[in-house]
């Protein structure tokens, strides 16, 4: 039998290990089981299914987050995760632009502002590591 | 200068020509300009941008429609469009399953029920053509 | 002291008397107090405030209903109400078209399809009365 | 180790066995894993947690379904489930009325219309069994 | 005849007197009538209805706020109010966890982060009073 | 043939020139085409249509933004724009109050808090210019 918890941790590590550690830490005192469900259900049961690769899964994730609104924090994690699994900045921006006819400009502008911040962070880190 | 209207018609034709004709027909007497904007803005300006292919664009579209809810009609058109541009039934169902951790079961079940109907239609047509 | 109930009934009568009677009738056995609140709070306290006329109020109402989605029944009542208080079919359609950049095409198409049905009903009645 | 699948089936049986069977049946050919997740995650992991009883859980469920909109099918299952676990018709209607200040009248009216249908079904069955 | 304004003030006092004073103060110069409607309609007409007690009403309230999103300010008031009318921290957290299958993780994580802040405030006050 | 870009710039200038410049500036490095679509599609194609004047269009805009939620940034621009095209502070506040029966208090309170901030800014500027 697979260990769903370990399995989820491994997958989440690939997507956005640092952010995940923060979320788990912030849940520790108030609702650690939510962290457990995120690992077991979201990142083990769902993310590890065959049929879509991690790049496609992150593209679906950021589209769903943009569309539902009030998800700046989660978008930050998953725009970062999108870059980590291999989506380019262009693909992320194009995904958001593609949503304009379906959700209108306000939600797309909100998501773009989060992307701007995440991309800037990445370039800063790149400079530090250079 | 590109003809945005002709350009949009061509792209929409690839995605779901028959459904598009119905939407345009139903708008004709009440708000034909909406049909024009769908062609010029959605299917010419946006769908024809580089950076994502039509399969990725339809995956983003059905995710956004599932997430916002109250879009059974549009999901029908774009699940059909997803098949037309080359997504498999499995990829469509996986896209919906991937949304469970982000939007919960009710919206995903709604989308799956539309997919079920569209897939059945396709198989029926396949039988007729066999 | 004003009689909020009578006051609300009078205003609702101006907006859409026939539909209102249906709603009240359908609430009678299960939750008549909701009908009372609709009259006292929505149509007496709110609709009778100065500052906006009934045409402006109905324009705001149909915009809010279109934007929130899953409101075909209420849109039917208030597109009809919009016509009753003096908005033209063109103003109603323009209100919906104006929402495209803010909410995208799907919600606007849903509202247009309800408007189409209400407008057809009105023309039928006009023919019967001719 | 608990059997999450069997555990979830048992709990769902208490809430609304007949409706659940329908949902599972309708998912069978297209996405049976969604049915599995509903049992394992929703009805085993979540519904069986201590801290809230089934009456409280169904009250939270119908409030969340009313608030998100476009959930008539799910509301039907869970209004029925609410009655099955011991909430009275009055408690269900009061739950919906309590939402008016938070979500406005349209979503509450939508939910009340579903409740009306479910309550009528129950009375019919009661008559048949009398 | 009951005095709806005084009645609403009394009920709101039980739920969250301090927060209510802030809201009323902030509305004073721009839209005092909204404050009046909150007292008369929400806290007199609705909250004082029989059929549900204040603990149940606050459980429904925080569920509806979590589900609609973009309500951090109101969740802060009503998580506090939930504690004031006798819900435990565990019951509040369980209410949020129960919503995961219906709305997904992002909205639940948002609400948990507000709860964390409110619970910390309460413990601080408890220490000061010790 | 009209120049949609220049046309959109002119209209946006009337609505809220300063804010628009900020938005365009913030999009410049990451997604300048979104700025182009806002000008060409939203402010040229849509805002310049006949049938509604700019005051009506801004009233529809702020209603749609209030209703969808998570739009504080856009509401700030368009409450300001509403004042610029001639809506009074009273008309703006009344528009928001009118939404209470349709969306509930939380979204209306969120919008009022943004209006409060924008109105204060305007009075400050008025004082500076006195």
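Chains: A, B, C, D, E and F, in written order; residue numbering restarts at 1 for each.
Going forward, a contact is a pair of C-beta atoms (placed from the backbone, for glycine too) under 8 Å apart; a residue touches a chain by one contact, two chains touch by 3 or more.
Labels paired with UniProt names: A, B, C, D, E, F = Carboxymuconolactone decarboxylase family protein.
Bear in mind the structure is a predicted one, so any value in this text is a computation, not a measurement.
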item: Shared chain contacts [subunit A and subunit C, defined touch]; value: B, D, E, F
item: Greatest separation from subunit D - chain, by CA centre; value: F
item: Which listed pair, D-E, E-F or B-E, duplicates the contacts of A-C in over half of its pairs; value: B-E
item: Subunit D against subunit C, contact positions shared by both copies (same if over half, else different); value: different
item: Distance-maximising chain from subunit B - centres being C-alpha averages; value: E
item: Whole-Å gap separating subunit A and subunit D, where each centre is the average of the chain's CA atoms; value: 31
item: Subunit D-subunit F separation of Cα centroids, rounded to whole Å; value: 41
item: Centre distance in Å when subunit C and subunit F are each reduced to the mean of their C-alpha atoms; value: 25
item: Subunit E, residues touching no fewer than two other chains; value: 33, 37-38, 41-42, 49, 65, 68-70, 93, 97, 99-103, 105-106
item: Overall pattern in which the protein chains touch one another (line/ring/star/complete/other); value: complete
item: Touch list for subunit F against partner subunit E, complex; value: 69-70, 93, 96-97, 100, 105-110, 112-113, 115-116, 119
item: Contacting residues of subunit F [partner subunit A, same complex]; value: 23, 26-27, 29-31, 33-34, 37-38, 42, 65, 68-71, 73-74
item: Residues on subunit F engaged by subunit B in the complex (per definition of touch); value: 33, 37, 41, 45, 49
item: In the complex, subunit D residues that touch subunit F; value: 99-106
item: Of subunit F, residues touching subunit C in the complex; value: 38, 41-42, 46-47, 49, 51-52, 56-57, 59-61, 63-68, 90-91, 93-95, 97-103
